[in-house]
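Multiple structures are listed underneath, in structure tokens.
In what follows, chain A forms one complex with chain B and a second complex with chain C.
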Partner chain A sequence: MDATRNGHDAREYKSDLKPIWCPGCGDFGVLTALTRALANVGRPPHEIALVSGIGCSSRIPGYTTAYGFNSVHGRALPIAQGIKLANPDLLVIAAGGDGDGFSIGGGHLPHVVRRNVDLTYIVMDNQVYGLTKGQLSPTAALGTHTVTSPEGSLEAPVNPLLYVLAYGARFVAQGTPADMAGLSAILEEAIRFPGFAFVNVQSPCVTFGAPEQQLKAHKEGLKQLAKIDYDPTHRMKAMALAQTYGRELWTGVFYRDPSPPPTYDALVRERQRALAADALPRERILELFAQHDGEPGRAEA
Partner chain B sequence: MSGQDDRTRLAATPGIDFAHLTLRDALDLAVLIEAEAQERYEELAQQMATHDSPAPAAFFRAMAVNEAKHGAQLAERRRALFADAPRTVTRAMLWDVEAPDYDEARAFMSAHEAMRVALRAEKKAHVFFSTALPEIGDPGVEHLFTELCAEEVVHQDLVKAELAKLPPEREAGDDDFADEPNAQ
Partner chain C sequence: MSTDATRSGGTAPMRAFLEGGHALAEGAIQAGCRFYCGYPMTPSTEVLEYMARRMPQVGGVCINVEAEIEGINMVWGATGGGVRSMIASTTNGMSLMQESMSEMVLGRVPAVIVNMGRGQGDYFQCTRGGGHGSHRMIVLAPGSAQEAVDTAYRAFHLAEKWRHPVLIYGDFMLSHTSETVTFAPPPDTLAALPAKTWVTDGARGRKPRLLTSLGMRLEGESGSGPAEIGPGGHSGTDTTRPMRDAVARHREIAAVETRVETAWLDDAELVVTAFGILGRFARYAAKLAREEGMKVGYVRPYTLVPFPYDTYAEIGARGIPVAVFENNAGQMVQDVRLGVEGRAPVHFIGEISMDGSGFGVGPKIDALHVLEKLREVHPRRGAA
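Moving on to the complex of A and B:
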């Protein structure tokens, strides 16, 4: 009865397992926005795989009815790529925290981008390690005080938007659960994008995050690209905008390749078909084997 | 609420053209708004139960029941007027109109705080209907929105009355704060 425009209901995508996130955690909004986006996209839950690493945010697969894999810290992307290549018909989403994606898992990011596997990567960026109770994360601003940087951090933060743009990502966006309608629309667009799509969600940690990073601050400082005359088809302009990360909260699609090339999974499928067409029939292989008496090295002789 | 907030509320109903909203659509919208609020209160009640906070959990559960009742009344009215005529407004067209925002909840919040969350949500809904009113074209919809506006004020009064019945709030103690870091 409460179906969205294509007949699917967001509640179909929420599982019976109830989230144990701290009340007020940004991840609640991400879950709701994601399930609404999935309902709009309209693929049934059994055609979707949601893969995560380890962290509070990485619990998200369990809270949906899609196939889920709460895997190993930092390994959401390699596992998601494997799933997509093994079963290209699945809609594959990888998700996790900024620690998961940009610290321990940071090495996978350039490779998934350059391969351009057709999957969506959602990072719930809270600038802290939530699950392990408040250590410094790679996206935390210089000078951030945490249990592992009691005097203030001395390291410049990673800029996720700039990194993925520089790696060559073809869809790059940012959202916040402070604007649920906007976030859900961004996630839907990312899921529909044919190729690797990256969404950085500013999803605050109410328990260990800084006050200026909470949703209340987002609601006050939010700047929506949809409300200005912004053309998301220019990578260099997107990179200039991405420089504002950590200072201003711009939401929307920073960059979308206007003519995305074939994805890695599509190319692999094509290559497999070509190789299969050229391959010798099984009977002929057995015949050749019999001719050589099965002796190793005879074929080369 | 400021003008900026009012605009934000209208922006949270993508695809709804208030100027051309029919009474049937408006009733459907009102039913969906109640359903969204009911679901959110159920979620908040569950969050509180998970975090060992029975008093706010019970209050949020009661709010979910109220929203369900109100939704059922509106749905009945819709059926009486328009029977099974198809619906054109969907849940995709509204966000957090009467549902409290997720960031309103806090671990170990008091019953007082929970009631203030509901009060803010009722005010938010009032702002939504009153801001939309000048844009409405259909007199039947205008009447319905005026009525819903007034109901939101009644709901606020009910919550205020409940709040007044509570004993004074206690100060937060050391136990209300987070533990030391751990490894997982």
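Moving on to the complex of A and C:
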């Protein structure tokens, strides 16, 4: 399965570190699907930046050969934007869990979407806090029993697909390691998409997750958009489909903008070029900020 | 855990065999805490998990919040409404809460905040903080599960006595060490508290109240400086007033609330000092040293802010060297040096010692290790 189309091999993108995820964790499948997708995209590992926050799934950068690191809980997206804007030639991927992305880091999501920075955000959504041993997650269904909601949660879950669509994202998809070929294809398409691309991966927690959220249940309930007549170019249809989150497991591309506009990083470069060609001399800019009437800070001619 | 702790009421003090984190949580419940929130992070998760089970039984609220920043601000709101409220977090989560903690000092919001830290690397964070605006917390460092219980009562008492947030600083070992504890309010927490004239629980039938860190003051409210919002509207703001008031209040607090545990200082040739649960290792090491003929004294600050500078000043005046044992790279040692004022040698004998997870107890948290260090720095080295 590590076959190549372009001389690259998925094994090139896997580091020698052995993941410490629990045996059977969905994140193993995400790692494999991601390295396959990267091999197909064909950018060499040193041109890829993979950044995450904190959580079980946020260990993923260490298991690849891409430039990457895990950072601070919830902050993968601002860091990824910094990477992309400072080094726009890099292929940038942010990854993490549902707590990292939709709870503590949830405030960053609308801004990366509206800015449309060209990066891919992969969330391994398992509806539970695994690293800290089973607390309530923002994507856990109403009534979920955990150690911090022993009588059942009273809060409705976040619907990540719907939120990201409503924020205006131009590529929104969902996958599961229960369908590895499908997941690899979705990740590859997301990485290739010019602009912010979001992939929610239903990645089961074998230790603290509910039985209905395990791979076996995924396989039984899997509904693939690729197998029906679904046109992913309509945001409102995608939002209607996204309403099924938490009840049905649809996988595939929910929405893809048929004519994506220029990304933020492209616009920045365009403006840099325009201004470089017709830049104000430094003296003129100093003059704009200078204090007058003998005030200190006046620019010297 | 014993089931005793899940029952409230009754006449005899409850006893239970509990982990320190759970004991502190139950202590807070017994002290009247009725609002709690937290975000999972080892080793403060244990407090959250206990509260999630326990709080609904007593008519309180426990929320697993979306992050620490939201948590501290919910506690701000709940406290402002007059309900005894608490949040516990760990190290990194505490870093996130610093802005609100600073404003709560300046705005005089008497919440209780717990840092179940990883090791003791947050001493600077707890006692100085990453916050702003001339703020200091009141910081209590319990050294056992029983003291964690007592500290929960005391924290709420001090918070309302001084109308000031109180920070409890524990660590992984305190949170995870199981001991028998008794739930009864310490005598010093039984004194009458001032009326909660600041509570923003509805203004009907009385003048409005304002809980603010911005220096605004309502017409008729006591305090220095001009009233900010009178019948005629705004009349200016003095944002430095809360800062100056906080500094003055801290002097008053330091004068009467400083607490420290000491032993064997009368004939000491060397003093070992540590805070939190590490104090027990230091105390035991001092006892072992005495069995070897080294006259070692012992000091454990219980209030990290206000710090017991006077105790160390007396040791410094007698020229007795001090060995500081901490599970960090040397933080409280700076306060000890300030205390002895250069009049006695101060040796740092601690180090960062945790297990591979970065949370747990490392090999240097050991009384025999402390004893070895005491032998090295004892002025009559090898004399024993």
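The definition used in the following text is that the second predicted complex is superposed on the first by the 276 of 301 C-alpha atoms of A that agree within 3 Å, B and C clash if a C-alpha of one lies under 4 Å from a C-alpha of the other, contacts with A are read in each partner's own complex, and residues count from 1 in each chain.
Here is the rule we use: a residue touches a chain if its C-beta (ideal position, glycine included) is under 8 Å from a C-beta of that chain, and two chains touch if they have at least 3 such contacts.
This one's a predicted model, so the numbers in the text were calculated from it and none came from an experiment.
Looking at the shared chain after the overlay, A:G74 reaches chain C, while chain B stays out of its contact range. Contact with chain B, but none with chain C, is seen for A:A39 once the two complexes are overlaid on the shared chain.
By the touch criterion stated above, A:S103 is placed in contact with chain C alone, chain B being left untouched. Of the two partner chains, chain B is the only one touched by A:A181; chain C is not. By the touch criterion stated above, A:V147 is placed in contact with chain B and with chain C alike. When the two complexes are overlaid on their common chain A, residue A:G29 makes contact with chain B while staying clear of chain C.
By the touch criterion defined above, A:E12 lies against neither chain B nor chain C after alignment on the C-alpha atoms of chain A. In the superposition on chain A, A:T207 contacts chain B only, with no contact to chain C. Under the contact criterion defined above, the residues of chain A that touch both chain B in one complex and chain C in the other are 132-133, 135, 147. For chain A in complex with chain B, the touching residues are 2-5, 9-11, 18-26, 28-29, 32, 36, 39-40, 54, 131-135, 147, 177-178, 180-181, 184-185, 204, 206-208, 214-216, 219. The part of chain B that touches chain A in the complex is made up of residues 8, 11-12, 14, 32, 35, 39, 43-44, 46-48, 50-51, 90-92, 95-96, 101-107, 109, 178-184. Within the complex, the chain A residues that touch chain C are 72-74, 103-104, 106, 129, 132-133, 135-136, 138, 146-151. The residues of chain C lying in touch with chain A in their complex are 38-42, 45, 48-49, 52-53, 56, 62, 64, 66-68, 92.
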